[in-house]
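Presented sequentially are two complexes of subunit A, the first with subunit B as partner and the second with subunit C.
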Partner chain A sequence: MAQAVVVAVPPTSGSGRTRRRSWTGWGFVGPFMAVFGLVFLAPIAYSLYLSLFRQQLVGGNAFVGLENFQRALGDPNLWEGFFRVALFLAVQVPIMLGIALLVALALDGGRLYGTAFFRISIFLPYAVPAVVATLMWGFMYGTRFGLVGNINDAFGIAMPDPLSSELVLASIGNIVTWEFVGYNMLIFYSALRVIPASLYEAAEIDGAGQWRVITAIKLPAIRGALVIATIFSIIGSFQLFSEPVILQQLAPNAISTDYTPNLYAYSLSFSGQQYNYSATVAIIMGLLTMLVAYLVQLRGMRKEA
Partner chain B sequence: MTASTAPTGVPADAAPVAARPGRPHRATPVRRAARGSSRPRRSVLLTLTTGIVLVYSLVPLAWLLINATKTQSSLFGSFGLWFSGDFALFSNLAQTLTYDDGIFVRWLGNTLLYVVAGAGGATALAVIGGYGLAKFSFPGKRGVFAVVIGAVAVPGTALAVPTFLMFSRMGLTNTPWSVIIPSLISPFGLYLMWTFAAEAIPTELLEAARMDGASEWRTFFRISLPLLAPGIVTVLLFTMVATWNNYFLPLIMLRDPDWYPLTLGLNAWNAQATTAGGEAIFNLVITGALLTILPLIAAFLLLQRYWQSGLAAGSVKE
Partner chain C sequence: MTALPRTVLRGVALAGAATLALTACGGGSADDGGTAGEPVDTGSVLEDGGELLVWAWEPTLEQVVEDFEAEYPNVDVELANVGTGNDAYTALQNAIAAGSGVPDVAQVEYYALPQFAIAESLADLGGLGASELDGTFTPGPWASVQQGDGIYGLPMDSGPMALFYNEEVFTQHGVAVPTTWDEYVEAGRALHAADPEVYITSDSGDAGFTTSMIWQAGGKPYTVDGTDVTIDFTDEGSARFAEMWQQMVDEELVSPVAGWSDEWYQGLGNGTIASLIIGAWMPANLESGVEAAAGKWRVAPMPQWEAGGSDTAENGGSALSVTAASEQQELAYAFIEYANAGDGVQTRIDGGAFPATVAELESEEFLGKEFPYFGGQKVNEVLAQSAQGVVEGWQYLPFQVYANSIFNDTVGQAYVSDITLAEGLADWQEASVAYGNEQGFTVSD
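Showing the complex of A and B:
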C-alpha cells in the first residue's frame, strides 16, 4: 500500500500509450476467449453450416441452400410453440418482474420488520434446481397426493386441474415465477442500494412524498437494472425447456414434444435425428431472441433520453 | 401502498456524512447512515403484504421438508403441509443413500465433480478475463465485448445440438468432459468481474507495482486478487448454482446413469414410476430432492455477506 503513495505521484503520461499498444491484456482475456471459441463460437459456426445441408438416405449430406429455412418459416409446429412462449413471455415476465420490483422497493424503503429475513428467504428458491422445483410443484399440483387434491377433499370442491392442457402453461409460469422472483428482486434491490444519498436529500428538501421519491428518483435510477432483468427474462422465456420437459411425465397429453421451440429442436435432434433441421430451428429462435432483446434495449435507452 | 408519512426530524449528525463531496466509493454504508436519519416508521401492513410473497417462496420448501419425513404410503392421502404417519425421515435418508447400490451417492459425487471443475474453472476464467478487460487496453477489446454480449442471447439449444455433434466426433460425449467443458464459460460471470474489478482495483496501485518491476501475473496474484474477493465469491456462487442445477446439458451429453448428476438422477427416479414394471419411489425422489438443494441453500446463507456486497458493486455500473 505504501508503494502506491510513493509512485502514484508522477503523472504517468507515457503509460497510457504503452498500455494501449500492449498485448499484455490478452494474457488475461485469452484463456476465456479460447474456451469461449470452443464452446460458443465453434458450435454457432457449425450450426450455421448444418442448417445449409440435408442428411439424405443415400449419398450423405447434400447442400440445400436455404431450403431448411424455407421449411421452418412454414412449419406450424415451430410457430405454435413460438406463439406459446411469446404468450408466456407477455404474461409471466411482467408479473414476475412486477412482484420483484414491489418487494425490492418495500425492502429498500426500510418500512418492513425483518428486512434481512425477507430478502434472503424470497431469494432462496433461486438456489433450487429447475428439476427439483418442477418435481415439487408437480407433486403439489397433483390431484393424488398434491395440495390441490388436499384442498379438493377438504372443501369438497373440484378445482380445475393445473396440469390440464388449458392450465398447464399457467402452471409452468407459476413455477418459473417462483424460481426467479427472488433473483430479480435482488438485482433491483442491489441497484436501489447504490443510489447516491444526495438525490434523496434533494427530494427531502423539496418535500417529496414516498411515492414521488419512487417514481422520480428510484425507478429512473435503476432503469439499467430493469432493462437487464427484462432482457434476461426474455431470453429465459424463449429458451423454456426444463420445466415443460419434466412436467411432461405428469401431463403427457397436455405437453407435446413441440410445446416450446426449444423442446421442438430437442425432439427433432434426439428423437428424430433431424440434426440439420433442428439446427435451423435453433438458429431462427436465436435470431428472434436477439431481435426482441435488442428492441427492448433500444426502448429502454430511448426512454432515458 | 400506504399514504406517505412525513419524514421525521433530521438529526444534526446526518448532515456532514451526507455532505461528503463526490460519489462515495462504498456507497451503501454511507447512504444507509444518511437515510437512517429520516427512516420512515415501520409498517405492519406493508410487512404483511410483502409477507404474501415470503409465504409463496417458502411454502414449497416447507412442503418438501415435511414430506421428506413421510413414508411412501402416507405421502398419499395425507395433508401435504403437515406431518402424518411415522416419522420416516431417517429411514428415507438411509434408503435414498443405499437404493440401487448407492447410486445417489455416485450422482452426488458426479455433481461435485462437475461443480468443482466446471464452476471452479468458470470462475477462474471469468476472474482473470474480467480483470484483463477492466485493467488493460489491448487490440480487439471492443470486439471481445461485442462477441461475448451477443453470445448471451443465443439459446441453449442453438449451441447444444452442434456442441453435441462436435463432441461426439471428438469422442467426448458420455464422459465428464462433455459436461465440464461447456460449463467453463460464464458470460454473466465475466461481465460481473469486469465491472467489479473496474471499481475495486485502483489503477494507481497497479502502476505502482509495475514501477517496482513486478510482473503482471505477480501483481495480479499479490495485489489484485485479494481486492477481488467479494466479486469472486459472488461469481463462484452463481456459477455453482448454474452447474449444480444444470439439466439440459447433461441430458443431451450423457447416456450412462453412472455419469448422471443429481438433477438427471432424480428425474430418472421420478420417471421410474411411469415406466412399465418400474417401482414407484416417490419418497426417495422427495428426500433426494431435499438433499440436492441443501448444500446450495447452506452456501448462500453462510456466504450472504460476501455475495450481497459483490452484487451491489456489480450493479454500480449499470
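Showing the complex of A and C:
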C-alpha cells in the first residue's frame, strides 16, 4: 500500500509539497505501524526487558544482566525439551507432508471420483480446534473405556498404551498429522492447480507418462509451496504446546512440565512465577526457530535458482 | 478444592480482570491505620458500609453474599470467580504484582496459604478479632491458617480424610472393609485377585494425596520458620507411607487412571475403582459426578497405622483471607467472619459444604443428616469424627503451589518406571530445594 502512495504523488521541486507528501505516507501507514508496534514490537521489547531481571519471592526484583541466558544455555530441562521437539520435527513433518503431497497429487490427477468430497473431508480436521481434537483423541487413546480399549476387547489383544511414556510422543504426532494433513494438502493442491495446462499437453506430445509428469513438471512447479509448508511445520513443531498440555491431564507422569520448550516456559511462568526466566526461554526458542526456518528457506531458494 | 482438574481457564481470568475496573472506584470508609490490636467493632463498620471485591470459586458463597447484602444493605459485595485453584492464584499473584485491582477478600487453599502469607500479600487478622476465635474452628484448619504469630485467614471448609468405598464390590467379593493399612493392602490384593478388573483405588501420582498420607503417618517433611525451610522426605512417617504404597504400586493393586479424568468417574461408577481415601468434601462430588453408583457407596474411617488408632489428616479445603492491599480490611474481615464463623456457615452447609467450625460439626442436625446417596448412612458422623483426629504439627512449604506442580515430574515417575517412591520423593525434595533457594529462601535438606 505504501508503494502505491509514493507512486501516486509525482516528484516536484517544492519543499512544502515534499513535506506534505511524507506526512501523507505516514498517514497511510500510521494505523498499521501503531498496531504493529503495540501488539508485535512492544511485547518483544518487554520480554527482552524482563529477561534481564530476576524476581524472587523473597528478596524482590534485581537486575542480573545476561545471567538468565547463561542459565538457560546450561539448563538440561530446556534442551531435553528442545531435542524432543527436534525429534518430533524430524519424524512427524516428513510423514505429514508426504501424506499431504500424495493426497494433493491424487486429487489433482483427475482420476478420482468425488474429488470435492475427498478434498473437503481431508481438510475438515483442520477446522477442528487443536484443543478439541486433542480431547477427542485423548478419549480414543483410553485403554479402558476408549477406542483402544474397545479394539482390545473386540479382538482379544493388548495394544500398548498410547499414553505411556514411550509412546506418547508418537501419539501426539498422530494427532498433529491428523490435524494438519488437510491444511498442507490444500497448499499443495492450490499450487498444482495453477500449473498451465499447456505444459501437460507438451508432455503428452513428448510421450511422458504420469510418473514423469509428476517428477518433471508438478514437483518442480510446487517447490515454493513445499518450502512454505515445511517452514510452517518447523515453526509449528517448535511451538508444540496445546496437544501435550491437554494430554498431560490424562497422562501426568508421561508428559512432564518441561516436555516441550513452550510447555516449560508456560510452567515456569504460571506455576513457578519465574516470569523473567520464562521470557528468556521464550526468546531463545524464538531465535532457534527463526534460525532453523531461515536455513530451510536458504536451502529451498538455492535449489530453485 | 485441590483435586479439581486444573483446566486452563484463561478466559475466566480475563473476565476477572475486566471486573477490576469496576471496583477501582470503590470508596473506603474504614481507616486502616491505628486500629491494629483492637477487635473490629463489626456493627459500626457494617453500618457505614462500603464496597467489597471477593475472589472465590466456592459455589455456596453466592447465597452467603446475597444474605449478607440483605442483612447489611450498605455493604455491596461483588463476588468474582477468577478461576479455580492455580488459576485463581495466578490471577491473585498478577494483581498483587501489578499493585492494582487486588480483591479485598480471596479464597486460598490451605496448602497455598503460606506462599501468600510469607510474601506479605495477606493481612494478619489477629488484631481484627480473629485471635478471639480460638476454639471456633477444628484444630487442623485452624493451624493451617496460622503462620508464625499471625492469622492469615478464616477456615471456610475442611477435608478431614475418610475411606469412601463401594460396599457392593466389597460384599460381592467377600472382602472386609479395612481398618488398618496392612488390612488395606490385603484387601487390595483380595479384590484384584477376585476380579482382575477391580482395583481397590486409583492413583497415578497426586501431590495432595501423597502429602496428606504422609501427614497421617506422622511425617513432617516440611519445616518452615520464616524464610528458613527444611525439606526432608526421609523421616519415619514419609518412609512408612512410601514403603506401604510401594507394595500397592509394585503389585499393580492401584488403577493407573488419573484422578478427575473421564475414566476415573466411569471407574467409580462401575465398581472397578472400589474405594477412595479422600477429603470430607467428596460426597457432593460423588453425588453429582457418579450418579451410576447411587446407593452403593459408604464412608468408613481412614485406615490406621496402629490398630485402634484414630489419626487422620486434612486433604484440601480452603480459607477466606483479607489481602494486605485491601483498603477496607475491617469491612472485609467483617464479611469473612459472617461467612465462615457466623450465619454464613449454616447457609453453606445447606448448600453441601463441609464446615470447619466446631459448633456445626457437633450439632445434632448436621451429624444426624441421612444421605440417600450413601444408602441413608449418617455420613457426617464419620467425617466429623475424622476432623477430631487430624495429626498436629503439619506444615506446607511457602512455595507449595510450585512444588505440587512438579510432583509428577519426579514422584510420578515411580508409577511408570523402575524408580521407587522413596527415590521419587528424594528427586522431588531436590527439585523443591533448588527452587526454594532460587526464590531467596534458605532451604536445606
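Definition applied: the second predicted complex is superposed on the first by the 268 of 305 C-alpha atoms of A that agree within 3 Å, B and C clash if a C-alpha of one lies under 4 Å from a C-alpha of the other, contacts with A are read in each partner's own complex, and residues count from 1 in each chain.
Assume contacts are C-beta pairs under 8 Å (C-beta built on N, C-alpha and C of every residue); 3 or more make two chains touch, one makes a residue touch a chain.
A quick note: this is a predicted structure, and the numbers were derived from the prediction, not measured.
S.K.: Which holds for A:Pro160: it touches subunit B only (first), subunit C only (second), both, or neither?
M.R.: So A:Pro160 meets neither subunit B nor subunit C here.
S.K.: Quick check for you: in the superposed arrangement, does A:Gln56 touch first (subunit B), second (subunit C), both or neither?
M.R.: Touch partner of A:Gln56: subunit C, not subunit B.
S.K.: One more residue to check, A:Asn262. First (subunit B), second (subunit C), both or neither?
M.R.: A:Asn262 contacts subunit B only, not subunit C.
S.K.: Is A:Gly25 touching the first partner subunit B, the second partner subunit C, both, or neither of them?
M.R.: In the superposed model, A:Gly25 contacts subunit B only, not subunit C.
S.K.: One more residue to check, A:Gln273. First (subunit B), second (subunit C), both or neither?
M.R.: Once the two structures are laid over each other on A, A:Gln273 reaches subunit C alone.
S.K.: Just to be sure I read the superposition right, which of the two partners does A:Phe139 touch: subunit B = first, subunit C = second, or both, or neither?
M.R.: Both subunit B and subunit C are touched by A:Phe139.
S.K.: Touching A:Trp178, do we find subunit B (first), subunit C (second), both, or neither?
M.R.: first
S.K.: With both structures fitted on chain A, tell me whether subunit B or subunit C touches more of subunit A's residues.
M.R.: Counting residues of subunit A touched by each partner, the higher count goes to B.
S.K.: Given the touch rule stated above, what does A:Gln249 touch, subunit B (first), subunit C (second), both, or neither?
M.R.: Touch status of A:Gln249: both partners.
S.K.: Shared contact residues on subunit A, subunit B side and subunit C side combined as an intersection?
M.R.: Correct list for subunit A: 139, 144-146, 249, 270.
S.K.: Any idea which subunit A residues touch subunit B in the complex?
M.R.: Counting only subunit A, the residues touching subunit B are 3-4, 6-8, 12, 15, 19-29, 31-33, 35-36, 38-44, 46-47, 50, 99, 102-103, 106-107, 109-114, 118, 120-133, 135-137, 139-140, 144-147, 150, 154, 178, 181-182, 186-187, 190-191, 193-198, 200-201, 204, 209-212, 222, 224-225, 228, 231, 235, 238-239, 241-242, 246, 249, 262, 265-266, 269-270, 275, 278-279, 281-283, 285-286, 289-290, 293.
S.K.: Hey, which residues of subunit B end up touching subunit A in the complex?
M.R.: Answer in residue numbers: 1, 4-5, 7, 10, 18, 23-24, 27-28, 30-31, 34-35, 38-44, 46-47, 49-50, 53-54, 56-58, 60-61, 63-64, 67, 75-81, 125-126, 128-129, 131-133, 135-141, 144, 147-148, 150-166, 181-182, 184-185, 190, 202, 204-205, 207-212, 216-217, 220, 241, 244-245, 247-248, 252, 262-264, 266-267, 270-271, 274, 282, 285-286, 289, 292-293, 296-297, 299-301, 304, 308, 311-312, 314-316, 318.
S.K.: Show which residues of subunit C lie in contact with subunit A when the two form their complex.
M.R.: 5-8, 86, 90, 93, 115, 118-119, 204-205, 227, 257-258, 261-263, 266-267, 272, 398-399, 401-402, 405-406, 408-409, 412-413, 415-417, 435, 438-441
S.K.: Note which residues of subunit A are touching subunit C in the complex, please.
M.R.: Subunit A residues touching subunit C: 56-59, 139, 142, 144-146, 164-165, 245, 249-254, 256-258, 267, 270-274.
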